[in-house]
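See the structures that follow.
Two complexes come next, and they have one chain in common, chain A, joined by chain B in the first and chain C in the second.
The block that comes next holds the complex of A and B.
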């Protein structure tokens, strides 16, 4: 009996590490808020996005520093940080969500799995529920996460003055691409 | 056996708890960087000039700032000269951002037909995070060349007599998101002055600031106290107050000032207007920044 208990304890302890975690600190998020008739592109890319996925629970979380978004034009980047998203006040954007039907994704087998992610996105201090269609591509022990979705800037209290409404759209198309590695922490 | 079943029950409840806990764990905490990175404080001022004087702000590398400056006539001239708007003095300038803390520029003013050039470098910039620094220390060095005909063509005139120099240290801090303040000790050297009793080296101390009124509008002021003014005329310390308006691509600096000059030697040492007598002028600086070098 004593021995059987020991076995149980071992199982109990190991249950915590059944789920593996994957992560990156160099994920990419790109956004495009260009108005249809705009003469210049209003888009930026952030190459230092943190993403962590817990394959057991299906939890998926992202964090991006607003100042990490790089624009082609320095002035646009300055205005983005200073006047629109107020990066000094709200330095980070975060997403915390769950992968729908996470069980259907086999993280130990190469393949492409279509997924739906639901969760809460925080930008400019405002939190909203978002849903995105994406895919998980498992390849040689690495997990690649991709997703595309659109947000309304007004949901996050990002005001676009009338004067530049012909350049900056009311919505932003967001694309996410992260190559995740096994987390040994 | 009873003991065994209770154990099973505990095991299951624990693993369920585990799963529940996972739902609201902060996974990001696991990989978070604990040490904060050094970050330079930006946007202490909307533009690289407070109004007349240089600000602690720098252009971004690879950009060019086209600056069109106007100073109109005195307001006290009334309707006859449309409160000074009928007369305008201007300066056209091009500034270039070279690195994060180095910029330079050239300009041409109608007042005294002057060409001017300057270079501005900050050995220390206000920053936050690791190894932060509380203020920006910037050094400015400039030269101006008077393009007028010689006032006395009969005397022996040297080219060097057309030149004046200025050296300035900017000590500035963005104190809060909406308030920035700087002091600027300045030395102006003129190769030629009108009177023998006039000093060639003129020392002054500037104070400039910005108070943000909204995201795109700010109140600014700019004052220079001159310790040893020229004596060939009655000169006053230049004081300018204004509003900065940023429209997206442009920055408009609208202001009232007693100065006409648009480079340091002229506005610091040759301001004849007196605020107390209403000898004030309306003026504006228009700044448009272009990206010259592609990023990424």
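The block that comes next holds the complex of A and C.
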């Protein structure tokens, strides 16, 4: 019986460290394309981001519906969807990548682990390689994932009309924050 | 009408036209999203039914529902809270991974506090589309949601 319990503990500990998936359907992405000289904020938040992290492989992916981005001003939101990212044509933004040096993250031990994330980001139907600094915070069996990307809007064929070029930056800062839970599916 | 009066009229019309245009532009520029609670629903649906519609034909259902005001009825599967205290209510069938995910409007966020898992509620929100995911289950996304009816 004692041996059986030992084996059980070893199996449980092993599964806690290897091959588990963490997920959320409630992640957040902040989008900020405010021009440095503009007093007006061009920013939006999406609170319906899905994210999955495979602790064994370090695979990480997230997805967000473009129409899930909420701006403070309705006109800004309409222009974002209709003119810039063409949400009807390209409804989803996706990232698929890898956590660099994933082995350094101990998912079964509380702590904050600085990571680098590399992968492919698709927005507006355009896919580009991106690299971002991030961190994984392990706390009480939950994993919080954070990453910040800066992208050039022109890389994703998002054109900003000259009339508002002083308000909208040529680059956008994308901040991802996901409180992940163990996936039992 | 003498010449001076005529010019005064023209100037007045000009000033009124310019002011009206400026006011319209200012108002339009600063327009906020409409209050969901005040909007008439375009469609009243039961959660598993709208999920099924999207699963059957994502494109067709997207054209029908996206950007429309949806009154969605269903069983509360889960109530999610993010680190800033914003709630999302998951409606649907407990045997399925898929849901109608209702992201609460910030001014009506408190409405989710009164909900309990397993109760039947009606939520009004704006459809942002369908997030298909084979692993996690596919969700119909509603944003700027307000609890329309809590049947308890």
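Going forward, the second predicted complex is superposed on the first by the 166 of 185 C-alpha atoms of A that agree within 3 Å, B and C clash if a C-alpha of one lies under 4 Å from a C-alpha of the other, contacts with A are read in each partner's own complex, and residues count from 1 in each chain.
Keep in mind that, in the parts below, contacts are C-beta pairs under 8 Å (C-beta built on N, C-alpha and C of every residue); 3 or more make two chains touch, one makes a residue touch a chain.
In this text the structure is predicted, and so the values were computed from the model without any measurement.
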| item | value |
| --- | --- |
| Chain C versus chain B on the shared chain A, clash or fit after superposition | clash |
| Contacts of A:83 with chain B and chain C, given as first, second, both or neither | first |
| Partner, of chain C and chain B, that touches more residues belonging to chain A | B |
| Which superposed partner A:68 touches (first chain B, second chain C, both, neither) | second |
| Partner chain(s) touched by A:179 [first = chain B, second = chain C, both, neither] | second |
| First (chain B), second (chain C), both or neither touched by A:23 | both |
| Partner chain in contact with A:48 - chain B first, chain C second, else both or neither | second |
| Which of chain B and chain C A:164 touches, first, second, both or neither | first |
| Selected from 8-16, 26-34, 134-142 or 188-196: the stretch of chain B that, after superposition, runs into chain C | 26-34 |
| Set of chain A residues, in rising order, touched by both chain B and chain C | 21, 23, 25, 50, 52, 63, 67, 70, 72-75, 88, 183, 185 |
| Sites on chain A touched by chain B in the complex | 1, 4-5, 8, 11-12, 15-16, 19, 21, 23, 25, 50, 52-54, 56-57, 59, 61, 63, 67, 70-75, 78-79, 81-83, 88-89, 94, 96, 98, 161, 163-164, 167, 183, 185 |
| Contact footprint of chain A on chain B as seen in their complex | 3-4, 7, 11, 14-15, 18-19, 22-23, 25-28, 30-32, 39, 42-43, 60-63, 97, 177, 215-216, 246-249, 289, 291, 294-296 |
| Touching residues (chain side chain A, partner chain C) in the complex | 21, 23, 25-26, 28, 47-48, 50, 52, 63, 65, 67-68, 70, 72-75, 77, 88, 91-92, 177, 179, 183, 185 |
| Complex contact set, residues of chain C against chain A | 28-34, 62, 66-67, 80, 82-83, 86, 88, 90, 97, 99, 101, 103, 128-131, 133, 135-136, 139, 141, 143-144 |
